[in-house]
Amino acid sequence: MERVKTQVEDIERSIYDITDTAHESYQVEKGLTEAIVREISASKNEPQWMLKQRLLSLEQFRKMKLPDWGPSLEELDMDQIVTYVRPKAQMSDDWKTLPDDIRGTFDRLGISKSEQDALSGVGAQYDSEVVYHSIKEYLKKQGVIYVDMDTAVQEYEEIVKANFMKLLPPNEHKFMALHGAVWSGGSFVYVPEGVEVDMPLQSYFRLNAPGAGQFEHTLIICDKGSKVHFIEGCSAPRYNVLNLHAGGVELYVREGATLRYSTIENWSKNMLNLNSKRAKVDKNGTIEWVSGTFGSHITMLYPTSVLSGENARSEYTGVSFANEGQFLDTGTKVIHAAPNTSSTISSKSISKNGGNATYRSAVSIKPNAKNSKCSVVCESLMMDRKSRSDTIPVMDVRNDTVDIGHEAKIGRISDESIFYLMSRGLNEEEAKALIVRGFVEPVTKELPLEYAVEMNQLIGLELEGTIG
Amino acid sequence: MKQTLIQITNLHAALESGEELIKGLDLTIHNGETHVIMGPNGAGKSTLANVIMGHPEYHITSGKIEFEQEEITEMPTDERARKGIYMCFQTPEEVDGISVSDFLKTAKTAITGKQIPLMAFKKELDNKMKLLKFDPAYARRYLNVGFSGGEKKKNEILQLLVLEPKLAILDETDSGLDVDAVKTVTDGVGHFKNDDNAMLIISHSTKLLDELQVDFVHVLVDGKIVYTGDRELIHQINRNGFADFTHNVK
Amino acid sequence: MKLTHINQLQMPTWRWLKINEAEPVVGLAGNYNKTLQIQNGEKLQIDHQLPVIDDSQLPKDLRRNLVFTSKNASVGRTITIGENIKLKEPVILDFEMDDKNTALFDLIRINAKTGSEATLVLRYTSKSKRSCFHSGFTYLEVEAGAKIKLIMAQMLSPADRNAGAVAATVGEAAAAEVLLGELGSAQTTGSCNIELEGNLSHADLDGIYIGTGEQKQDFNYRIGFHGKDTEGNITVKGALAGNAKKVMKSTIDFITGASGAKGREEETVLTLSDRVINLSAPLLLCGEDNVEGEHATSTGKPDEAKLYYLMSRGFSEKEARRLIVEASFTPLMRKVEPQPLQEEWREWIQGVMHSDA
């Protein structure tokens, strides 16, 4: 009888690797100059303050050095990156009006189907621009705003101006500055007071042009007592040249609001993923980060929560799977800047076939963050001895009424566990796959079913054939 | 006519270091039989169980194991499981992140080679859990994680009932259990046992064995079976210990 | 003269945490002239020449400690414990600074030959009213089958500055127990690096620290696992009061090939004032799959439930706190030899607890 085989496969990439050849309609020159930044701003018809912001960021970018810690970024040559590529498509809220090849890409990735069944709204970005954006009518009526960032700059100028790049100051690190200079695309979300968005909003970023960069900016403001789940998906086909992703995510969680931000990152192996994500959480607010990192050549990703109001909470659940040629340096930063704040961090990483996974975190408890709690659990699974797994956590505690616990473990799948599962009929590969699936379960269970399924597929665990 | 289920001939097994643990063991079990292995500590009882199951730590240096007339001496563990051999582990492993129910469905599918409809499986699982007086909430818990010793052993019996092997090896399944738990294990084993399958029980205590139909009792000393008798032997050993058998060796 | 770029985190991280290396330590010109008293050293071979130490295997920041200390060394000793010599009494090297001897640079090399066993204590104290300085480098080689316990007692005065370093290599089936007591000085940077070279080698790196007033402490403890079936534990217990600032960096480093290694890191800190600055970075680095590595850190106030229990037995809150702090140190304190030294440490800790109202 045919039996579905299970293996700890490398990520099933074929659906992501299909490229749409020569799609770009309009590209700026390679590299980064003031002229290019002005060109980008002009093509979007931006207000003066935004152009000024870009130029200030460019200045910062030039002044700052690459970080002297973490994976080496020597391969990055900004002169070879195309920072802006506009696809041959007008933005629309109707999939049918998109050019066939662009729509085909998103169809293959299952985006449009999900939208009908399981999402409240979808934004789809192709190279540097958003090509599709829609939100269910009833939410619009409640005052929920979900538009692409360019539209937001024009139509919601005041609120955008007040918040844009405030959580991601360009002088903080080189790639925040880069982002500030050449950002394009992304989404703006505003959820009014008390509104709970029942189904998730999703943005999907697809980088199709070789040698290009993607710098989308996501700005989400959850007003008091509101609730929303935002899902971010990303992919790019594999090329021989380097692609760069330096997106920016700014999340404002106002009093009593809850925001869940889920990401499944599946960039191709030529990608440099240097994303910046930060949330500011006010009194009684909660931010939940759910993060799965599978692709890219190099990732440096540390969603940061600033707990600035009393009782604010942050939960981070992350999994990363580093395979051959990958350097995944991920983790989180939490700043407790108010009393009674709490944070939990749960991180799992897997290294296989020479992959390099690093968990890096910083938990900072300020003097006024009395009675704060923080719990960190990180586990690393080494599948062989070609790979590496490093855990670099730091805790900086400045008052004495805190409760902090930190645990980390590293090892491999035990022979005894494999024997036990084999004695129940699973072969060795199946046994390992089952254990790895169990290992990442804390993240899969936080995702809506479709994404949990995608995630399991991404880990190559085709257990659905046997589990159902 | 009784069929031979498993036949072990002049088996020698050793650790990687070369230390020999099974030193020429013969054993034949037919369908429908229940065999008990007793012996002093360190005799090799658990080793025998693990060798039959194919534990990678032990190497068979000579002799053979045949299951349903097929030689399985070099067969990997999972193949043996699929042939219908099952072991209740003495210390079952905890596997985080996978529920008892999901795990059992996976294992059953692996062993039968057939896809099982979800609802049918859940029903079967429910019934078997009821039989064992196992709180249904355990089906959703992660495999053995945080289970007490007794709960782990009960879970092994649950797996036995769901997977329906031909040969069930119980490795000290009743040790460390209280009276109620032993009863549950006994009930479970009772439900399992029929004329077509067989059991090999490694045990010290009479609690479990009193309730079962035992056909043969073997005494294992220093890696060999030195004596075979019937259930009377159990009582004799519990009264006099193994002294009668150990001084005959070497 | 300044000692800079020491106590470096093996893998650096965000600069804003200011944890990648220790703050520079300002030294004083060496003038230590006292004869070194060594108790119970009769069976040892002691050479008074300045030891030559092979620094090729040392982490680069530790090399700086070595160079700084060697250049200015006023005390140098090579101590050899002969093959299969087993010493019962701890060997004690006493360094005491005073008004005429305010700056000490000592370079000590300890070579424990195959099968030897001994406990060595390096005790640093200061009677001076003036601000003193100490920079020390101890190099410990534990050869096959040997078992060595090294106790480093830093008991300098509140105005002193200290830069201590211990580097050890452990051979086949050998064991090293290094117990570092950092009790005094205004600013101390303590570094300890143990390489488990031989198969089946074992190391216990234990640290006790107590900080109060304006004390600044920076510790960098590392065990590198090279051989097979090695075992290493870093256990640190500390208490912080007043405006003390402490940085604790500990690293378990499994190097490819260290199959069967087991490494554990644990830090427990009790905080007794709300002005302390408490940084911890417990690193777990791994290039080998067949290992078991874990670490656990817990930080916080003495347990409310414990306090309540003790108070219900008649202890005042202060006494109860003191008891809890002392109790947390007990498992490591018990390892301190000789008994009088253990008593000294207990009194010291009690002294700090009492004065910290």
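A, B and C are the chain letters, set down in written order, and residue numbers restart from 1 in every chain.
To be clear about the criterion, a residue touches a chain if its C-beta (ideal position, glycine included) is under 8 Å from a C-beta of that chain, and two chains touch if they have at least 3 such contacts.
Worth saying up front: this structure is predicted, and the values here are computed from it rather than measured.
What are the mutual neighbours of chain A and chain B in this structure?
none
Could you pull out the chain whose C-alpha mean position is farthest off from that of chain A?
B
On a C-alpha centroid basis, what's the spacing between chain A and chain B, in Å?
49
Can you compute the centre-to-centre distance for chain A and chain C, using the mean CA position of each chain? Integer Å is fine.
Chain A and chain C have C-alpha centres separated by 42 Å.
Averaged over CA atoms, how far is the centre of chain B from the centre of chain C? Could you give it in whole Å?
Between these chains, centre-to-centre, one finds 52 Å.
By residue number and range, which residues of chain B touch two or more other chains?
If we look for residues of chain B contacting two or more partner chains, we find none.
Of all the residues in chain A, which ones touch at least 2 other chains?
In chain A, nothing touches at least two other chains.
Touching chain A in the complex: which residues of chain B?
That would be residues 53-57, 76-78, 80-82, 86-87, 89, 92-93, 95-98, 102-103, 105-107, 109-111, 113-115, 118, 142-143, 159, 163 of chain B.
Which chain A residues qualify as touching chain B in the complex?
It is residues 1, 3, 414-417, 419-428, 430-431, 434-435, 437-442, 463, 465-468 of chain A that touch chain B.
Sort out for me which residues of chain C touch chain A in the complex.
Touch residues, chain C against chain A: 9, 11-15, 17, 19-20, 254, 256-257, 259, 271-301.
Of all residues in chain A, which touch chain C in the complex?
It comes out as residues 68-70, 333, 358, 360, 362, 364, 367, 370, 380, 382-385, 387-412.
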